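What follows is a structure written as structure tokens; I'll ask about it next.
Lettered A, B, C, D and E in written order, each chain numbered from 1.
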Amino acid sequence: MNIYIQAAAQISAQEPMGNAWFQRPLRFTERYVRSIDPNFKEYINPMEARRMGKILKRALATSLEVVRKTGIDHPDAIITGTGLGCIENTEKFLTAMVRDGEMYLQPTYFMQSTHNTISSQIALHLKCNKYNTTYAQRGISFESSLLDAYMQFELGKIKSALVAGHDEMTPDYFVLLDKINYWKKGEVNEAVLRKSDSLGSFAGEASSCFMLENKKTDLTICELKGVDLFFNPSPLRMKEAIEELLSKHNLHINDIDVVLTGINGDKDNDVVYHQFQQHFFPETPMAWYKHLFGESFTATGLATYIAATAIQKQILPVDYLYNRTSTLNGLKKILIYNHFQNKDHALILLSSC
Amino acid sequence: MEALILELKKEIIEVLNLEEIKPEDIDENAPLFGEGLGLDSIDALELIVLMEKNYGIKLNNASEGRDIFKSVRVMAEYIEKNRTK
Amino acid sequence: MDVTICSYCRLTNDKVVVNGMEIPIQKTEGPWLNDIYRSLKISYPKFFKMDNLSKAGFLASELLLKDEIIDKENPKKDISIVLMNRSASLDDDRMYQETIEDKNNYYPSPAVFVYTLPNIVNGEIAIRNKIMGETSFYISEAFSAEKIYNVAMDAFSDESISQVVCGWTDYELNKCDVLLLWIRKENQNGIPFNINNIYHLHI
Amino acid sequence: MIYQLSDNIISSLGFTSEENYAAVKEGVSGLKYYETAFDLPEGLMASCINDEALEDAFFSIKTKSKVLYTRFEKAAIVSAYRALEKTNINPAGDNVLFILSTTKGNVELLDRNKSKQYESERVYLWRSAQLISSFFGNPTEAVVVSNACISGAAAQITAMRLLKHSAYDFAVVIGADMLSKFVISGFQSFKSLSTEICKPFDKNRCGLNLGEAAATLIYGKSENENLIPEKSVMLLAGAIANDANHISGPSRTGAGLCIAIEKTIQHTNIQDIAFINAHGTATPYNDDMESMAITDTGLQALAVNSLKGFFGHTLGAAGVVETIISGKALSDNTILQCKGLEIQETVCPLNVLMKNESSNKTHFLKLLSGFGGCNAALLLRKK
Amino acid sequence: MNETIVVSGMGIITGLGYGKEATITALRSKRSGIGKMHYLNTIHADYPVGEVKMSDEKMREFLGIPADKIITRTPLLGIMAIKEAIKEAQLEEKRPRRIAFINGTTVGGMEKSEQYYPEFVNTEAYIAAHDCGTSCEAIAETFEGFDLITTISTACSSAANAIILGANLLKTGRVDAAVVGGTECLSKFHLNGFSTLMILDKEACKPFDANRVGLNLGEGAAYLVLEKQSDAKRRGITPLCKLSGYANTCDAFHQTASSPDGQGAYLAMRDALEDAKLKPEDIDYINAHGTGTQNNDVSEGMAIVRIFNENIPPVSSTKSFTGHTTSAAGSVESVISILALQHDFIPANLNFTTPMPELSFTPVKDNVTKKLHHVLSNSFGFGGNDSACIFSKIE
């Protein structure tokens, strides 16, 4: 069984949809960076878009982009990961409910507040009756979606899958998370993030969408070799998991060209990645990306986008390399390692093909 | 009456997020659902909220709206007759 | 197939870097490429007949192959030279155009005309080092590590070729942009020859 | 190995491969003497594409494109269009790759008087290639090969390599070069032009003639068996080698050409080769050099011809034009004469044909040499 | 990969009470759990609900969770239910090697968020508790040794989809046991939400009745422990039943409404049957989604007619007992379906009087005792997320 990423699309703090930014990513010094939106009118007609919050428009636009690229308009599965779901509409409903004392509430905000609105809107737009689901497990929501798709390919239940990760960050939610030390208090820049000597990162948004298929075509970007989730794993469990993953594909530690991590400047967060590298991949170059996108529950979708693009282009600009080395043995295998608050952990292995 | 119709048009545009549409684009005699503006059942629910919030008219059942929301003019006539604020 | 970069040379308007080390150049008021030539203490009088593109490519190849090809005499049939740039030979083309532009001052120069082909730079490097493998030149809108990688790897499809001089040699409107790589197959030492590494060596 | 699926030649002898081949078979040369041409002080023997005919041909292609094309681009487009027309290939597909072979492209736009209507980027070869491939809606970036006079062969070798290991199914190889004051004055300054019809491999050869052409060869992978026309020719092998001797003059020994020939024919029975279509520019040095290389590689008994007496030297187009014509001859069981030849005399004697002969052998060898010391050999075979 | 998946334990808490015993007793005696609201502070207190009759404090006390630990009602309900399931499956005593926990929820920590929104003054800890994943983690942490956890949030089909993911995890050999299901507490947020959609009934709901008005909200949690039949045998566990087939499809008709012909529901049931390699006539009982809204019941009913034609098995919606427990409904009703299977008993569809003119069948009005082999449980959600699971007796 092989699974290939056939097309990818993203909307983030970097230029949306295309790849031009990849070799020249923008840098930020703010604590809160919102995504750059494409012209949604190119994807969704205004009558359809009028009730949608930002996250839904982004989800639909990125989905339609991968559908357009691949021509797969009825994927066998539509799976979305979202840590917070449609938080903008949730807030609108919640605010009105608290403010107006449960009176005059608008149904639109409610019906577009649930997490599964995203997957179902995509299905609705595509008129796709097939498998449709949504994962909301904080920082591993995207990986959960990928795992679901992976297993269904493995079981031969599907031949194609649209897998996405979407999270928006509203001003109000930014303030709430600021109260619980999600964000740094002072100025944010690459040097500060690299230092990792205080709590918090900076806030970003992430929308990414991938079309997976079980056959290789001219479009194929890279191969999805594996995805695994772990809850509170011991170092021993992690070691075992890495060995299993590598041996399943006849690989050796040295075959992993880059480990792409979720280092984000938060000291409690980053120490886990440093330990991971020391224990398991002491010789392998370590890469990061959240300094260019901000922290978001489904940032791993962007990590997947970056790793896939790097494999496709066979270039990983030094901007993404944590230890600033630029000489790589190759870009055939990238391991994405992500953890959320050291509880939820995930591995994704991508490979050239 | 004409003032109410204009007011209603503006309110409908706002509450239904009909960004591209101006009040003069809405024919007050044309059906709101299906053919005309192409509104759907969720819009009907939003209009029910609008009726209650702005005019104090409480509809308990979505199907009651079916007759009232035939057109902007019908809506306005109904409001004139039944408004409590 | 494992291919490694044995040495590389980056030549721009202000720097000469070989295998990561900047080479000190004695600057004068004169042309930069001539300064490099003098600083390197090369003795190859034909250098001064060359156009800028050939000069730049030639200098980079001298630095690149210094330790690799000491023997300049014996024919080397196992080496190819595959180059690429954006402007072909337009820098020299414009100079030649000037010689024919004015009817009253019409003096077409064969010495300038001979350089109005981009692949002359391959020829210059081949002659200097007696390299008799394939010499090819491709044009690309912009520097592309991927294309350089592909055409260089394709050169190995001729089984008798074991080494390739490849890279980007562009010289136009006083802007010099050269990255030359010496690559070899089945060689363990050196930087892996891959797109990522080509890309970064050009930065 | 890759197959020729379609072809076209735009030259002074006609706007289809068939017209061109028929003229050549009849012995008609496209070379003509121009008293005054290109604003040059000297007269010129050359083979030029008829302007009006090119305009008509381009006009007959219905296009929505608003781009103002140069003469060079028009010729390339018309040629590619006519070659594609004969196939079912959708040039807008991402499995189709355009490969452009040219030495000087739009070089005449360096003349300020001629460039006013065009953007400044138009002199770049990649820009022409972009415009040509996008005329056909092709989504992939065209490859540009600029390897002096062997470009046309180098482009075919590139096509062979790319089709072998990439996702492309078809390569549209276009070779094109137009004459300009720039090019002609250069060759004149070299004193390498003959004012008479050139005499390849002749005792009294005294220089070459220049020519214009745009020619297209469409190659496909051998998997596409059902697309291959009955009289297709396939490209079996090709190699390039350098003389490492002199940038403008050919090697005195033909060392580079020898290497290229040896690599190309190493797996072939020489008895199967019907003829060698030589570069044969009719300059004293080139033809001597070729005679030595042919002799040193043990091919001196084979029939040899050069097509320069029909088309002149069409530079970046030469490799494509001459491969097409030779392929047509091979399929026609014919070995074409070497137009212009009267008394054969080269350093090493060769069997150069003075009139058409017939042969049902299956292969031919194509040779090219160019500035920069480069040499190329191609080996082709009947289907 | 084709090994049989069995249910080796389950736990439940709903308006009917805590535990399987309480549940089956209430079902047998046709005692509905729907009634007046006690714990939710809302102006819509006149809507009847299927509330779990235990305060947060009471549950904390029962579970031994200190008062200062931050935990919201949704995970509390979850912990109650998971305890029972883990115990029955003897996961602690006879530990499988790797265990997954898949939780379905949509509301998450909303019930506290809405209380403290927008300022969260002095209650910052509840900010982190807002999202769905936190509820999952809070439940997971009460049991040592879950190796893989995640949350599914597909509104009212969440728990059914958790069952499906769990089964796929087992079939691909990623884990050796999976605790799957859902939990959801009542919140003002979704009560008001359903209210704006005008699909709440002020009376007890009447699924599949011509005069149905809407649904009653409920709350609760339920989990199943799934494992491969061979693993259960190895551990010395007697499984309760098989999970013989399942499917997830999408109606792709409307964001909140179901298609009139029930296309999504039809496909879910058809594919689940195919997955189970069963024919429609093999199904002995359908535990319908049957919310009691105009739209759902006609859509689901039409789909049932399309699948089963003339031979429609007994159908009932036990939402007339529990209320609509939204994200938990899929597992709550799976537990009820399995109880039915174990006891050869079909629970009644309460409050039914008048047949729907659109449908050729009526739901079972009264409890029925009948030998059951295969039970189909439907779970449909907003956005057209339709799932169906089939449970079968091990014979």
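In this section, a contact is a pair of C-beta atoms (placed from the backbone, for glycine too) under 8 Å apart; a residue touches a chain by one contact, two chains touch by 3 or more.
Everything quoted here is computed from the prediction, not taken from an experiment.
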### Task
Determine the chain that sits nearest the middle of the structure, using the mean of its CA atoms as its centre.
A
### Query
Where the centre means the average of the CA atoms, what chain is farthest from chain A?
D
## Note on the structure
A student comparing B-E to A-E should find more C-beta pairs in contact for A-E
### Message
Based only on mean CA positions, could you tell me how far chain C sits from chain D in angstrom?
### Response
27
### Inter-centroid spacing, chain D versus chain B (mean Cα positions, whole Å)
74
### Query
chain A to chain C: how many Å between their CA centres?
43
### Query
When you check chain B against every other chain, which residues touch at least two of them?
42, 45, 49
### Summary
Within chain A, the set of residues that touch 2 or more other chains is 103, 105-107, 111
### Message
Please output the residue numbers of chain D that touch at least 2 other chains, ranges allowed.
### Response
none
### Message
Please list each pair of chains that are touching.
### Response
A-B, A-C, A-D, A-E, B-E, C-D
### Query
Touching chain B in the complex: which residues of chain A?
46-47, 50-51, 103-108, 111
#### Entry: In the complex, chain A residues that touch chain D
218
### Task
Would you mind writing out the residues of chain A in touch with chain E in their complex?
78, 82-85, 90, 93-95, 97-98, 101-103, 105-107, 110-117, 119-121, 123-124, 126-141, 144, 147-148, 151-152, 154-155, 172, 176-177, 179-180, 228-233, 237, 297, 343-344
### Query
Taking the complex as given, what residues does chain E use to touch chain A?
1, 42-44, 101, 106, 108, 113-114, 117-118, 120, 124-125, 127-128, 131-134, 136-137, 140, 146-155, 161, 165, 168-169, 171-172, 174, 188-190, 192-193, 195-197, 248-256, 263-264, 267, 381-385
## Note on the structure
Note: in the complex, chain C contacts chain A through residues 145-146, 149, 191-192, 194-197, 199-200, 203
